[in-house]
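Let me give you the structure first, and then I'll get to my questions.
Note that the chains are named A, B, C and D in the order they appear, and that numbering of residues resets to 1 at the start of each chain.
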Amino acid sequence: MNSFGRLFRVHIFGESHGESVGVVIDGCPAGLPLEVADFVEDTERRKGGIQKGTTPRKEDDLPIFKSGIFNGKTTGAPITILFENNNTRSGDYEKQRAVPRPGHADFTAHEKYGGNEDFRGGGHFSGRLTVCLVAAGVIAKKLLKGAGVIAKAKVTEIAGEKDTEKGLQKAIDQKDSVGGIVECEVNGLPIGLGEHFFDSVESLISHAVFAIPAVRGIEFGTGFAAAKMYGVDHNDALENAEGKTSTNHAGGIVGGITNGNQLVFRIAVKPTSSTPKEQQSWNWETKEVETFSIKGRHDLCIALRVPVVLEAVTAIIMADLMLLEQRISRII
Amino acid sequence: MNSFGRLFRVHIFGESHGESVGVVIDGCPAGLPLEVADFVEDTERRKGGIQKGTTPRKEDDLPIFKSGIFNGKTTGAPITILFENNNTRSGDYEKQRAVPRPGHADFTAHEKYGGNEDFRGGGHFSGRLTVCLVAAGVIAKKLLKGAGVIAKAKVTEIAGEKDTEKGLQKAIDQKDSVGGIVECEVNGLPIGLGEHFFDSVESLISHAVFAIPAVRGIEFGTGFAAAKMYGVDHNDALENAEGKTSTNHAGGIVGGITNGNQLVFRIAVKPTSSTPKEQQSWNWETKEVETFSIKGRHDLCIALRVPVVLEAVTAIIMADLMLLEQRISRII
Amino acid sequence: MNSFGRLFRVHIFGESHGESVGVVIDGCPAGLPLEVADFVEDTERRKGGIQKGTTPRKEDDLPIFKSGIFNGKTTGAPITILFENNNTRSGDYEKQRAVPRPGHADFTAHEKYGGNEDFRGGGHFSGRLTVCLVAAGVIAKKLLKGAGVIAKAKVTEIAGEKDTEKGLQKAIDQKDSVGGIVECEVNGLPIGLGEHFFDSVESLISHAVFAIPAVRGIEFGTGFAAAKMYGVDHNDALENAEGKTSTNHAGGIVGGITNGNQLVFRIAVKPTSSTPKEQQSWNWETKEVETFSIKGRHDLCIALRVPVVLEAVTAIIMADLMLLEQRISRII
Amino acid sequence: MNSFGRLFRVHIFGESHGESVGVVIDGCPAGLPLEVADFVEDTERRKGGIQKGTTPRKEDDLPIFKSGIFNGKTTGAPITILFENNNTRSGDYEKQRAVPRPGHADFTAHEKYGGNEDFRGGGHFSGRLTVCLVAAGVIAKKLLKGAGVIAKAKVTEIAGEKDTEKGLQKAIDQKDSVGGIVECEVNGLPIGLGEHFFDSVESLISHAVFAIPAVRGIEFGTGFAAAKMYGVDHNDALENAEGKTSTNHAGGIVGGITNGNQLVFRIAVKPTSSTPKEQQSWNWETKEVETFSIKGRHDLCIALRVPVVLEAVTAIIMADLMLLEQRISRII
């Protein structure tokens, strides 16, 4: 299902080269002021073509409100937002049809849907749909802001380099795409969000995070480094009745529940699958392995566009949990 | 909610020092032969006290069937299985009540549930409940086996050492607990399980995996190392019409969907929170930071007990997806 | 939530006097041929203005496909369909704002959403959204038709008259709206859909049916008359190994599960709340009870427009259950 | 799935002639005092053998708490309650195995589950499981009571007689079972529970009500009689700012949402399927229609045992909606 969330529920739809992509947000409290201007900063951040290393494809990406907003406020009914796809060049992709691109869903989608999938630009399997996540995130962030909660993500490493400019230069020099690390921090969370086991905060965040294309791993707090540590070093000593800890190896979550400290996690983003380099794949028509190279507009480092999407899905989860714990009212 | 799954649905309940813990499995196809003997291997693997580095606490851990099984087969009705808690020493924990143990859910559960939580031995927040996951996993594995799918997990690293004996010795020498890495492989999967975005295989697996206590990170295929790679090196070239790839950096999942290659992922397990070392925490009664040490029976390396639990949750997800894709029948 | 269904999942959105209303259908198998022409018959049936007793408001009501359809077939991705609202006269309603109309959601929506609801023409609470249900029903019916299942509904009584023309004349004579009874039959169902208890066929159908505005009751098979019967008269004797019964008091469902006989149920539809007669209600501004009459275009007997909507929600449920029981394939 | 509810979630399991039946309640707020004594009144009301017309089968029906309760209060973790089946005479039923009883799920369960179902006494398809609903209802009622909400149901008609003693006598005279009508009223509800369309209060209540075996119809407020009425007579005029209406044809729900007036609905209960009269059915073994009569202990009028179950499912829905609208706190 293309839905997520329990009380604040997000449904996404659309295809990269269809007329538009969109999102329905169900369960948003009534009375939240919402206008096009609220979306500009985040949809701009998501766009390529601005910073070095991202694709020159650009969309105006202005949200078109279809339902759920009246007199500038949310009504409590489902909010539907469309984003038009103005800048599509399907021809680029149709030539490629017989050869499923490595790292893309061309092959798996074709097998799963019996060849009925919209293959143009990845169709429904396109990063284009992340604009829908960003839009839902804008609303979630606004809800959270009223409750004093702020999620912020940034690229911390490209191609293994902490100096991201240097990492990006490696890609440019190699004429290849590269991967990166993105870190997200959430401040202002109350103690008590999430549950043990299936609805742990880690479960919910990771579920949503792997909905972002190209993510290959996630770690909370000290994460994989914890596997090399001793217990006494990893445990965060409690310092006061509010739950403040001297260190934050847990990343703000203990027993699946927020502990009132900063929530911190990192994700690994693979190199963009569409690389300018020559590659090999199976050709369904010739029934032979073929060497080819992908034309078209692509990101050298897709990780650069991920932070705003990561903030969005994190905010969606947090807004949902805040509603569940009755920390956000049903009428704002 | 203490439930997971869409068609093959698992509900867990119980407390570490209550009379028993249990699981309800709803949606299991009818006609699957099931007897106590099916559970022994996996519940034994989960137990401590056998291998060096695990807690001497032992339970008989024989499954008690309460519903859903008739004449040695599943009936299609919900299957309920209890495991008695025979070997509890609550006194060990009650002394500790005023001081929330670092790394445990003592503090967060207390705040979330207003002091009503069963604090004995972690209560509902105890690793004891993983026996319920293991039991559901036994059933899922049996369903999968009939369809040619097998999940297998193993510890690949302890305390940073690939030689796990050596890693464990570090813990013994340090008189402290240590973390580790566990890897899971699934063979025999068809192409086409999972969906893009919210129901990606990575989303579902990670959701379930973070329900296992002490997990701090997860990575699929090449995982975090992918963030340092170039695109041409990370992409797996398709070699034939069945989707075989020359490499498996993707770990068997592309676009959220299984591609017919081996599914591979790894998780990071933190050091057992209950370490024999002296620690500090806030004392709710004295309202001061206190130095203390935890008595009782504990694992030096909880990662050693994780593989069978990891196999279980993986099998649960896979059985669910196989049912969704109509790869497993509703009547066996 | 404005969603329903487990595998074939329907989400509706929009407001009566917004720009459009719409529906997202998630989980529809790939490969189903679908074109605008498939929708015309049912959207025409739903429209008013054709038959005596229905409102003259008309919409073109042509479905606008936004996602999920490619080369004339479903792709397996979410299908989004919009219907434009061309023929709205909000002015009719704005005058009425201070006086919540009896029988309408004006008062309850206002209280629930703190006055933020779109009140124009009932906003999200309008029968206008049933066009979305009809559209989802068209797709469900097409899936079912391929499996030999057909749902058909008709008005069987108006204003207490089995001769519906006579019943309608009573409304015209009285210059008032009237209620009616609608019956739905489903033929071709296999044995075994539904479950006992919460997922009984009756539970699922009634859940969906009460989503249709103006429905006040539902009964299966002999229904309320069964409360007056003796057991030996109500029981349907089984006549052969295929489950054929001599009578059908059960309406095709025993123990919550279809028994292979015709599924039959009836619903009670209240008189249209918007009657031309004078009424009384509370005026929020004057803070007094006020006598008023509703202007605008309305149905004398809304039951006349219900059959196609009832078929639709029934088909949606049946398609979902057929997918669950693996009676409809994931790829057509 | 044998589950229902969104925040206050109920899972039932067990078989009539198994060792026990049980229920898991997930999402109950922490801190609610709960003891065995709380359950006695309602489990006694559900029992047969006390009043004329109900089966002499008796169970002690004392709840056995397995999880979620500590120091006499709910902990916030899942609450598991078992009820032992002490008084089963499976032999009564095994003789009957070859002949599916009319009106029972014998035939449909057999076909659905491929003959693997537990057929003894109806197995999972037995009214025995309503004790689980009653137990969940006890907890829901206690939550509601704290919020000033009370649900109360009673039999209003037996065998077509409003004088229920007279109706019951008809059954005794005819040596047959009879049906009846049960009415439920809920007082003290706030305005604003429920949503339009799929989560209407009518949708949720009817979904849960049809989980009660033998229910054949439901109507809200004036119900089926509304189909014979004129609009001006059916509409309830609003009399004040709190939403009080002069009449209550709507039964307390407008637009799917509670309007602050009394919630009223009625259900039709069919005659007990197990009648002492001779009946006919197909014999799977002889492959012929066979005349037989059912031995064993049965209710003449199952409707007599329904009120407490109806209150229970109604309370479960209302508790869920009160939690959703933040009218009940997560910690009591």
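Here is the rule we use: a residue touches a chain if its C-beta (ideal position, glycine included) is under 8 Å from a C-beta of that chain, and two chains touch if they have at least 3 such contacts.
Here the structure is a predicted model, which means the values were calculated and not measured.
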Between B-D and A-D, the pair joined by more C-beta contacts: B-D
Relative to subunit D, chain with the most remote C-alpha centre: A
Averaged-CA centre spacing for the pair subunit D and subunit A, given as whole angstrom: 44
Distance from subunit B to subunit A - Cα centre to Cα centre, in angstrom: 26
Interchain centroid distance [CA atoms averaged], subunit B/subunit D, Å: 37
For subunit D, residues that touch 2 or more chains besides their own: 1-3, 12, 112, 124
Touch list for subunit C against partner subunit D, complex: 1-4, 12, 100, 102-105, 107-109, 111-112, 124-125, 129, 157, 159-160, 171, 174, 176-181, 191-192, 195-200, 202-204, 206-211, 213, 215-241, 243, 245-246, 249-251, 254-260, 268-275, 277-282, 284, 287, 289, 303
Subunit D contact footprint on subunit B (complex, rising order): 1-3, 9, 11-15, 18-22, 24, 26-27, 30-31, 66-68, 70-71, 73-80, 82, 112-114, 116-118, 123-124, 331
Subunit D - residues contacting subunit A, complex: 6-7, 324-326, 329-330
